[in-house]
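Letters A, B, C and D name the chains as they come in the text, with residue numbers starting at 1 for each one.
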Amino acid sequence: MDNFRVGVGLWCVSFAADRFLPTGYRAKKTVKEQIELVSKIEGAESVDLHTSDFIGIRPKEILKIVHDNGLRVNAVNANIFGDPLFKYGAFTNTDKKIQRKAIDLSKESIDMAREMGASISSLWPGQDGFDYYFQNDYYYQWDSTVSAMKEVSDYAPDMKIGYEYKPKEPRMFSLISNAAKAVLLANEVDAENFGVTLDYGHALFAHENPSESLCLINRANKLLNIHFNDAYGNWDDDLIAGSVNIWSNLEFFWYLKKTEYNGFITLDMFPYREDPFHACRVAIEMIKKFEEIVDRLDDTAIKTLQKQNDAARILEILMKEVLR
Amino acid sequence: MDNFRVGVGLWCVSFAADRFLPTGYRAKKTVKEQIELVSKIEGAESVDLHTSDFIGIRPKEILKIVHDNGLRVNAVNANIFGDPLFKYGAFTNTDKKIQRKAIDLSKESIDMAREMGASISSLWPGQDGFDYYFQNDYYYQWDSTVSAMKEVSDYAPDMKIGYEYKPKEPRMFSLISNAAKAVLLANEVDAENFGVTLDYGHALFAHENPSESLCLINRANKLLNIHFNDAYGNWDDDLIAGSVNIWSNLEFFWYLKKTEYNGFITLDMFPYREDPFHACRVAIEMIKKFEEIVDRLDDTAIKTLQKQNDAARILEILMKEVLR
Amino acid sequence: MDNFRVGVGLWCVSFAADRFLPTGYRAKKTVKEQIELVSKIEGAESVDLHTSDFIGIRPKEILKIVHDNGLRVNAVNANIFGDPLFKYGAFTNTDKKIQRKAIDLSKESIDMAREMGASISSLWPGQDGFDYYFQNDYYYQWDSTVSAMKEVSDYAPDMKIGYEYKPKEPRMFSLISNAAKAVLLANEVDAENFGVTLDYGHALFAHENPSESLCLINRANKLLNIHFNDAYGNWDDDLIAGSVNIWSNLEFFWYLKKTEYNGFITLDMFPYREDPFHACRVAIEMIKKFEEIVDRLDDTAIKTLQKQNDAARILEILMKEVLR
Amino acid sequence: MDNFRVGVGLWCVSFAADRFLPTGYRAKKTVKEQIELVSKIEGAESVDLHTSDFIGIRPKEILKIVHDNGLRVNAVNANIFGDPLFKYGAFTNTDKKIQRKAIDLSKESIDMAREMGASISSLWPGQDGFDYYFQNDYYYQWDSTVSAMKEVSDYAPDMKIGYEYKPKEPRMFSLISNAAKAVLLANEVDAENFGVTLDYGHALFAHENPSESLCLINRANKLLNIHFNDAYGNWDDDLIAGSVNIWSNLEFFWYLKKTEYNGFITLDMFPYREDPFHACRVAIEMIKKFEEIVDRLDDTAIKTLQKQNDAARILEILMKEVLR
């Protein structure tokens, strides 16, 4: 079977900071330097950007750098989280003027995506959620998210909009915190071009089995985009792909290959301390390895044993086929 | 505002066992003894039963005991989890004959509920889920759950069927593991009488804010039944109501009173070590206290502060109004 | 390097029940049948028993069955959790008469262990802990645990006593809930023969890195016994060894082989739904595989990279050496 | 009983950033402005600083501002986490020159603390830990932490050094991740002036009952410092004190008042979105309320019921005494 094309979110190779070291774990790179760095990672075919990457540089210029480096743009995502304006929410903001800015920025991200030759804009409204009991009107939060997403979807029927769910961070509770909520939202928005961006580590953080979430989203025909990384399952760790889980990763690729999904698998990692080039390189090697292994697995045997619920025999097959 | 009527699941006052002490933490009681015990708990107006409570005793006899003790039956739930037959699943079982038994037993529970003068059958298919990677076909699990729930709903349009979600236990992963999945399921089943049983502790265990889950379910018009208890949020602890959380509980009642829900609040606790009578009595006192406090809260002030996202001022109001 | 000897806790192949199915997922087997079953599992060299296995059968008889089946006894553990008497605690019980029974039963387990030719008694006081805020005097719980463990250790200086820590279950909070607490306890008991039983899944459940816990315990010279299984890390899942984690398991064996530990690795699994024979067989194959792989890893390369903190390069080595 | 004195960590009212908004949720304030702001919070009597607060301002100048505003300094903490130099660890760094800098900075913090009239330096080595399997030599990490802490303790026998444990963040796993590890470390360092800084939210994040941790630390005579806030228990949320838990908080003060601890209770909150002044004011009101309530509780009744393990009756007392 054909393998998936792999890309890298520019933020993976950019500046990485946290609340204890807001000035960052390494020096800032320009967008040009970031793109050049990605181009050197074997197997990386695309980049994902944020609207905030376009500050101080014209889109055409970015596009030229991308093409000159043999890459393409997979997505341009709206940065609707990294501005204090949105601290109480983007689409859920009780201040309609701020909500409007979030919607407008989302539309801009779509315009930019189109201009970049990309087909997707991922929306991760990290500030949409709540921190304290009694702080929010949950009905309002859902209603305003639905109406905003309808407006954004209607704006560009030719472009895919992937809502990215995540349980928590930076708010204590995100509104669209798990796969099923994302599907519920997509069902209610009810637009062909609106669906879900599935981030493997977000699924783990939501205490989901990522494969089951993949099937849930795919069953609803809402799978638009994949972010990839690894995690211990109690935070959005954004670790190197394949560094924590093996069986879960393999199951994920096993199910993913059976979907119609033909988009990119985009690395969404935060190598705070690791060399980003090296971290991404190993992550992509890992993805290629997962694909190889999955291609080799005896599907008929596994499916037969699934009907018998025989976990022990399935594990035996995996052990023998996967572990050297 | 009128308060909610409160009931007690018979299992709260029955035998309590676990895997390390399967013979139980206390002596078994007959159904009659259990009902009599509930009748002595101040504030308890109803009982919930399982189909397995009807073994060796005729429904009419149970009904007489219930009425003689001044109670009514709120729900009869199908015990589709406590038989090794269902170990690999009830509605999701790959063996169609076993799935059939689960469906038939669900219908029986509805018949029994009707005979008991109850309006609800809660279905908690605890064995529907998965333990190991690659063990299951998640599409099959969803499809078979949907079709089974359609059949059960169609069987008795006059009766309410509440699907009870829970993240885990006894399987490592339950299929319908959170509120949004339960709503997704209900939307797909698309029957007026099919909805969700919300268990407060299950919501906590799913890392949900129970009030947000309540709103999510209610917004979809699928709230049919409430199970109540308390928990630390990392397991289905089934502790005495109000014993762990205060703000979360108050927020839950605050939002619950604003819904159309007019059913019972049913205690679903597992007092392994506590005297069940005493545990239930305190739980009901706690519920009454929550209702009193919520009635006293200044809704206008809170709603105004919610629009301003002012968590600190809301907390100040709560502190002054709630803590003595 | 020589491999570890592997054993099976008899409970792995026995009756398995839970609170929803206390009558069990399969028929009960006699101790004789359990031992015979273990003897057929390739690679299993020992069994672990509980004091409760000796009811209705003389120790000599059990020993004969063990030997006739080519096995040996590794440990006899005190069942100080499976009796309602201990519901509020074994060593921490506020009723001194009950605490006395727990101590006496622990001594009995040691006597039985000696009689069986075993060297270890593992103590897992599952009921020692607390459920509710304000319920317990934590000072009393620690003090009474320390004094009880001193008495038990003094009783049999020739026998090893391994305290098994676990975060939770059946109590909401276990007293000795993590590796460091177990070492603290062992340091305070300060007896050569008293130390820690490390259960791999309990470490995961305690949100520990099991290898780090192993090093912590070993650094204090308190590692006496190993229980093995696998888990998702949010409950004591007791799954088939190797079924969830690969890197974590390999790291664990990598560190374990560098310790002086020369005892058994004992399977402590709860195959509720799986055939116990098959589950244990695959688990032991998995252990053998882990040992093979660990023997092959280039320790010098890994240790050099550890000094450079180079996680990406270490992962690359693992990927190439481990994944086929 | 006398109440505790309350202080505010300057970082509570300073700049707050996170990885998605490293430029901060609000404008930076000077140290002078921060101190002035704290002085206006009713009930705040002290401030805690970090070594990094002394950049560009002489200690004497800070001290004058503190005194002019009617405050005192409780602690000066070493910032051994907010510099990329320490990204692979402070005391555990495999580069001995970097470890030396961490030790030297810790000594500086002590000198500064003394100069400020403070008695404590808290050490939170946030970068000491690990992210990936096989990445670190855990023995080395423990050994180097112990030796570094011995050196720092020896440097200033007249000053208290409180090691602050935390499970995770910014590393995936902190080395000293829970209360028992901190006590183990303190026992091994074995210096009168070296002990533990207990952060209430870190205890919750470590899945501890904070009161039990308090007793554990106090029983070992290692309680030197208290940081206070609130949290949901799955991250270091640093929320407003009293905003999540009531019973847990009350139990904590109940046990705290029974210790010899007579230091400050220092707010360690991160009000990213809230007005810091208001957040701290409510937090201190909450602390005062907890102290009032705890003073009113009938200790004899509670202790008697503790001996009977009667959680239900204890809860009834709490409900009646605490909830209005």
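As a convention for this text, a residue touches a chain if its C-beta (ideal position, glycine included) is under 8 Å from a C-beta of that chain, and two chains touch if they have at least 3 such contacts.
The model shown is predicted, which means the values in this text are computed figures rather than measured ones.
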From chain D, the most remote chain by mean C-alpha position: B
Gap in Å, rounded to a whole number, between the CA centres of chain B and chain A: 35
Residues of chain D touching at least two other chains: 88, 131-133, 207, 232, 234, 240, 243-244, 247, 273, 309, 311, 315
Overall pattern in which the protein chains touch one another (line/ring/star/complete/other): complete
Parts of chain B lying in touch with chain A, wherever the complex brings them together: 88-89, 94, 130-139, 142, 167, 173, 175, 177-178, 180-181, 183-184, 187, 206-209, 211-212, 215-216, 219-220, 247-248, 250-251, 254-255, 302-303, 306-311, 314-315, 318
Residues of chain A touching chain D in the complex: 15-26, 81-84, 87-88, 126, 131-133, 168-170, 172, 232, 234-235, 237, 239-240, 243-244, 270, 272-273
Of all residues in chain A, those that touch chain C in their complex: 207, 232-234, 240, 242-247, 271, 273-275, 278-279, 281-282, 285-286, 289, 293, 309, 311-313, 315-316, 319, 321-324
